[in-house]
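Read through the structures below before going on.
Each of the two complexes below includes chain A, the first together with chain B, the second together with chain C.
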Partner chain A sequence: MQVRVRYFAGARAAAGVEEEKIDLDDAGAQTVAVLMDLLGLRHGPELTRVLAACTFLVDEIAAPPERELRDGVQVDVLPPFAGG
Partner chain B sequence: MSVDSSRIHPPQRRVVLTAISDCPLDVRAHERAVADVRSGAVVTFSGEVRDHDGGRAVVGIEYEGHPNAAAVLAEIVAEVVPQTDAEAVAVTHRIGELAVGESAIVVAVSAAHRHEAFAACSRIVDEVKHRLPVWKRQRFADGTEEWVACP
Partner chain C sequence: MTSPPTTPPVNGAPLAPALRPLVEPAGELSVQEIARYSRHVILPDVGMLGQRRLRAARVAVVGAGGLGSPVLLYLAAAGVGTIGVIDDDVVDPSNLQRQVIHGGSDVGRPKVDSAAESVAEVNPHVNVVRHAVHLDASNALDVLAGYDLVLDGTDNFATRYLVADACELLGVPEVWGSIYRFDGQVSVFWPGHGPLYRDLFPQAPPPGAVPSCAEGGVLGVLCAAIGSVMATEAVKLICGIGDPLVGRLLVFDALAMTWRTVRLRPDPDRVPVRDLVDDPFACVVLEPAPSSGEVDPTQLAAMLAERDAGTRRFLLVDVREPHEREVVAIDGSVLVPVGRLVDADGTVRPDILVWLDELAGAADPQDAVPPALVLYCKSGARSARALAALHAAGRTDAVHLNGGVLAWVRQVEPEKPLY
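Entry: the complex of A and B
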């Protein structure tokens, strides 16, 4: 299956891309946590460090790391908020 | 919330404005928007870009908002205002490139008395800062920059 990942702010800076499509193995349960491990390996320690502090949206709804992913979903990677 | 025996009507708790804007914010316009004959107090908070942070000279801040930021702001304010004694509330968060001295957020609150207005304004600012999906990149005088609160 394939998911679309969108990075924001410091996560985008660490990943070096704004968004990307990621192929995941269809065998076994794929979760947000599994996807984040994969993204860390793909982009390196700087992104891994940022991901540890991030929250996630799956199709625009807040999702915990254990949330299972389906084909075609959009996953947003949100660093700690810093408004105001 | 204490019982106010001077009241004729209960607090209206109206949300007159919530917005994300890429234009300079008008503090006075927010104050006018919350003007209310039942209010004896208008409290306005303007969160502004200061010229230093963590002992370093700051020359500007870029604010970035998630595409959902306007909807989230409306949701936060709709949730918090009923827990206050405000008559009316107006909130805007700015995004884009801001220079030192510019407003990043304006919260204006009218209420029957000052304590209610101060309390509601403070509460709204805290909730928005905590929950709104907005980020800032500080630019320092030495040419470096950092995403604030990002490890």
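Entry: the complex of A and C
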């Protein structure tokens, strides 16, 4: 199955791309946590570090790491920051 | 047969519909006010009625800093009748790069006083309420109650969660903006009408996990881009015009010069806020670490003198980023950014630890007098995080510098620059 990942702010900088399609194994449960690991391996330790603090919106709703992903969902990756 | 009017779809999904005005209009405006606000009065959708709503509005602005500066100036110019300014800080020289409501002669003065005077200069019709208090769980509801709208432009997670939770409990809409480096985020969280802050970011990140603007820097003019959107949304909400930024987060990238829209819905599984709590992570920052795990600048200076004399052995580790080290550093330290020392899951990287121990040159552990490792960062937050990871790995011979390089410069080397 395939999901669409959009990166924002520091996550976009660390990933080096604004968005991408990610193919996930159809066998077994594919969760947000699995996707996080995959993205970290794909783009390196800097993204891994950023992802640890990020919110993952799955089809517009914040999802915990254990949330299962379905084919065709959109995942928005948003780092928190508090500057003002 | 006619169907009721609907908001036109954008990108296939409907925007949040225009909601009723937040504020009932005040009485007739004076001749002077009509002259002052004439460009609003002739504006369709604002008009005399909208201007009277602005006159009656009570708006709280939390933080008279980077975002608060344009927000306060534009809300004042727009004729918002009552503006509450909430800030317990004083103006620092490093604020002037972006906090345009304050001037050079305001350095050292309370921000609420400086901001109130600027607002009075822009528009003497505005009633400014000064709240020179530190918001916490004990006073946030009292301070914010009675305002029609809250704008959050504070600079830390603890206050942001506190303000968002208070708005949720009070049922008051919150215009929320946040900035870091070259990026900005802005949205409107309106209880009962759309997703709230905790739907977007359920919990504050642990201290040190996300750098602040003081640590990571911020493009000054970014405040204008995000602050102007915040003020625009405030005026729209008060007058009940247009499509409010409810259920949408705008993400601004100043380098790419793009505004991207993230749609957002409430998390159906989220437990509503019932009480205010001072954020547990905030306490970690505010309360000093256990005394066994930290050294003061004067203690460190003495230890370094002993190291120079050959009577003590330890490694001083700077866990900041390279560009910070270019500004100021403590002599005789090595650079290991916290991200190299500690993995994303909070564990210490063994290979780095071996390398550090080699550098420290602990000849015989039996003879070693702890600490073997002294960590420091800018303010003590990142080094505390790295220290916690080292302690969790059994390295109780590590300590960190209380107050970071900022405290060091103030107490030991005042001739060095601060940042």
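Definition applied: the second predicted complex is superposed on the first by the 80 of 84 C-alpha atoms of A that agree within 3 Å, B and C clash if a C-alpha of one lies under 4 Å from a C-alpha of the other, contacts with A are read in each partner's own complex, and residues count from 1 in each chain.
Everything below uses one rule, namely that a contact is a pair of C-beta atoms (placed from the backbone, for glycine too) under 8 Å apart; a residue touches a chain by one contact, two chains touch by 3 or more.
Just so it is clear, the model here is predicted, and its values are computed rather than measured.
Using the contact criterion defined above for the overlaid structures, shared-chain residue A:D76 touches chain B and also reaches chain C. Once the two complexes are laid over each other on the shared chain, residue contacts for A:F8 go to chain B and to chain C alike. Of the two partner chains placed around the shared chain by superposition, chain C is the only one that A:T48 touches, whereas chain B remains out of contact.
Once chain A of one complex is fitted onto chain A of the other, the partner contacts of A:E60 extend to both chain B and chain C.
The larger set of touched chain A residues comes from C, when the choice is between chain B and chain C.
Shared-chain residue A:G84: touches chain B and chain C both. By the touch criterion defined above, A:A29 reaches neither chain B nor chain C. In the superposition on chain A, the residues of chain A contacted by chain B and by chain C overlap at 8-10, 49, 52-53, 60, 76, 78-84. The part of chain C that touches chain A in the complex is made up of residues 63, 65-68, 152-157, 160, 177-181, 183, 185, 199-202, 204-205, 209-210, 212-213, 218, 249, 251, 253, 260, 262-268, 339, 343-345. By the touch rule above, chain A contacts chain C in their complex via residues 6, 8-10, 12, 40, 45-46, 48-49, 51-53, 55, 57, 60-62, 76, 78-84. Taken together, the chain B residues at the contact with chain A in this complex read 47, 63-64, 66, 68, 93, 104-105, 125, 128-137, 147-151. In the complex of the two chains, the chain A residues touching chain B come out as 8-11, 13, 49-50, 52-53, 60, 76, 78-84.
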